[in-house]
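Pasting the structures here.
Consider the two complexes below, in which chain A is the common component and chain B and chain C are the respective partners.
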Partner chain A sequence: MTFFSTKRLGAFGAVLTLLAVSPSYASTGNGDASVKILRAITVTKSADLYFGKILPSASAATVAVAESGARTCGAGLGCYDTASSGAFHVVGTNGEVVSVSLDSTTATLSDGASHAMTVDLGTSTSSLTLAGGAGDFSVAGTLNVGANQVDGTYTGQYSVSVNYQ
Partner chain B sequence: MPRRFITSCPRTCVGAATVLCALLASTSASATAVAGAASVTIVAPVIAREEAPLAFGSIDSSSSGVVLTVNPDGTTRCSRAASCTGRASPAIFALTGTAGERVGVTVTDHATLSSAAGDSLQVALTLGSPQLDLIAGKARVAIGGEIIVPAGQAPGGYHGAFHVDVDYQ
Partner chain C sequence: MASGVSAAPGAARASVQILRPVAVTKTADLMFGTVLPATSTATVAIRQDGVRTCGSPLRCYGTPSAGRFHVVGVSGQIVCISLATTRVTLTDGAAHTMTANLSLSTSSLALAGGSGDFGIAGVLSVKANQAEGAYAGQYVVSVDYQ
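Right, the complex of A and B next:
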């Protein structure tokens, strides 16, 4: 014979209540997770910063090459050949913005025989949107030619950095 | 929604942080630097020095007009050979400058020769080479000319000058 004591029935009833309540506290949710995979940036030099051929004078003077490649020849100097600004081509993820910076705003050109000149560098491009996954920027320079600068070919390097923003 | 998700699921939160770290590392690896080159050639003044003048020798135009051509290569042609005597030769200029560089040469089209008495003659000038390479820093350029002496031109010595420009290219 089976019978339930009041006490047991009470306990059973409590369990039923618990089961009935639990589903109303359960919850499900959808979380969002995303990542953008960026293509590694590549930068290639497409043109050297070239000041041309310069005939110095008895006084120090400057030769400036604008980002457009236009050259301004200082007083007393002779300027020959076609000058060019430094030019760089950036490839990366389409539509992304990259920062552009010169590692140093000066460079030294040397003839390899203890003669040197300094160049002041600059670019108007601080950031670049990679429309179509690519972009270009230029570097201008002002060459400081000494009085009676010794003739010869002077070369030097500078560095630019490009990074995703 | 993401906040609720993260709150209710700590393990996913750890996962999300891992992804973020990986992303930052990837971005850093995507930064790039490249070297640009800058250069200039400083040249020495180019100097042109006349080694020999343009000479037409002597021309007898007493009976008829004479045309004498002196070519840059030194050859000559006289319209009436018997009327052209003496040494006729092109002008020679020695150029010096920076070795290995190329220079351009220009000369005026004409020169006027004048006599002490005030008579004049025109010379059409001919440039031998408009461009020259300064091999070992040196080159030579010749300039010839053609003179037309009309019949009955006043006798005398005629002299003149012309301008030669030499510049780096």
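Right, the complex of A and C next:
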């Protein structure tokens, strides 16, 4: 009987001991550290901005190529060949949004012999979601053809910038 | 911003070709020559090379020629050629007429060196006992860049 009581007391004592020790345990919490590594963006030209072949007139006029590639030939001009808008292909990290901008909204086309024309550039895309890790955008242009513009092949360069947001 | 690191530039070309107007000059008239008609209708044909086929029982004299045109434009460009109408009426100025059917030697022409030439063939329908006289008519060709 006594033995049994002692055992119970002993058990009780042990419980007290545990309670006394408990406040000294360290408290822990989990915190996350994370980072998303992006892939470098690459921008590749997929189409040049091409106004086609233009027969000028005695007065200045414009030729506009929309982002769709549709061309509007200014009054008095003759337009031939198939025009195309500029197009770019962007590759980066899947699902990210990138900003798109033209480095300059004008470009100069030259025939390499001191004759020139200017082009006004534009794009309706200011940002692009890289669904599947890629996206595309187009560049429209309006060419200013001078009166009796000298015949020849005129070319120029323009550039765009694409950046993660 | 680490824009210098993550931004990517893309460069592209913008271009246009400015053309010069096309000039078309007739270098030879379509001449059927001199024809003696018959009591039945018949035709006189002039090929692109100017060779004449005189339909029986007509008699043909004189020197025929195919129509010919010289085109000047931008070197290397291709122009398309068309006839406003393939049928032309020749009249003697006195209510007598004949018709000629025309055909082009080509519907497009590459202006190698900035120029090119094309011809017009014709088939003249001569009526029975066609009234004598000098018959003339005009036709129009159009040349444009493609």
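A few points about this structure:
The rule is simple: the second predicted complex is superposed on the first by the 138 of 165 C-alpha atoms of A that agree within 3 Å, B and C clash if a C-alpha of one lies under 4 Å from a C-alpha of the other, contacts with A are read in each partner's own complex, and residues count from 1 in each chain.
Simple rule for what comes next: contacts are C-beta pairs under 8 Å (C-beta built on N, C-alpha and C of every residue); 3 or more make two chains touch, one makes a residue touch a chain.
As the structure is a prediction and not an experimental result, all values here were calculated from the model.
Once the two complexes are overlaid through chain A, chain B and chain C clash, as defined at the top of the document. In the superposition on chain A, A:D81 contacts both chain B and chain C. Of the two partner chains, chain B and chain C are each touched by A:L109.
Of the two partner chains placed by the overlay, chain B and chain C both lie in contact with A:V162. In the superposed model, A:D151 makes contact with both chain B and chain C. Residues 38, 40-45, 48-56, 63, 78, 80-81, 86, 88, 103, 107, 109, 111, 117, 119, 139, 141, 143, 145, 149-164 of chain A touch chain B in one complex and chain C in the other. Contact residues of chain C toward chain A in the complex are 3, 5-21, 74, 77, 144-146. Residues of chain A touching chain B in their complex: 27, 29-33, 35-45, 48-56, 63, 78, 80-81, 86, 88, 92, 103, 107, 109, 111, 117, 119, 139, 141, 143, 145, 149-164.
The residues of chain A lying in touch with chain C in their complex are 38, 40-45, 47-56, 63, 78, 80-81, 86, 88, 90, 103, 107, 109, 111, 117, 119, 121, 139, 141, 143, 145, 149-164.
Contacts from chain B toward chain A in the complex involve residues 1-2, 4-6, 8-9, 12, 16, 19, 23, 26-27, 29-45, 98, 101, 167-169.
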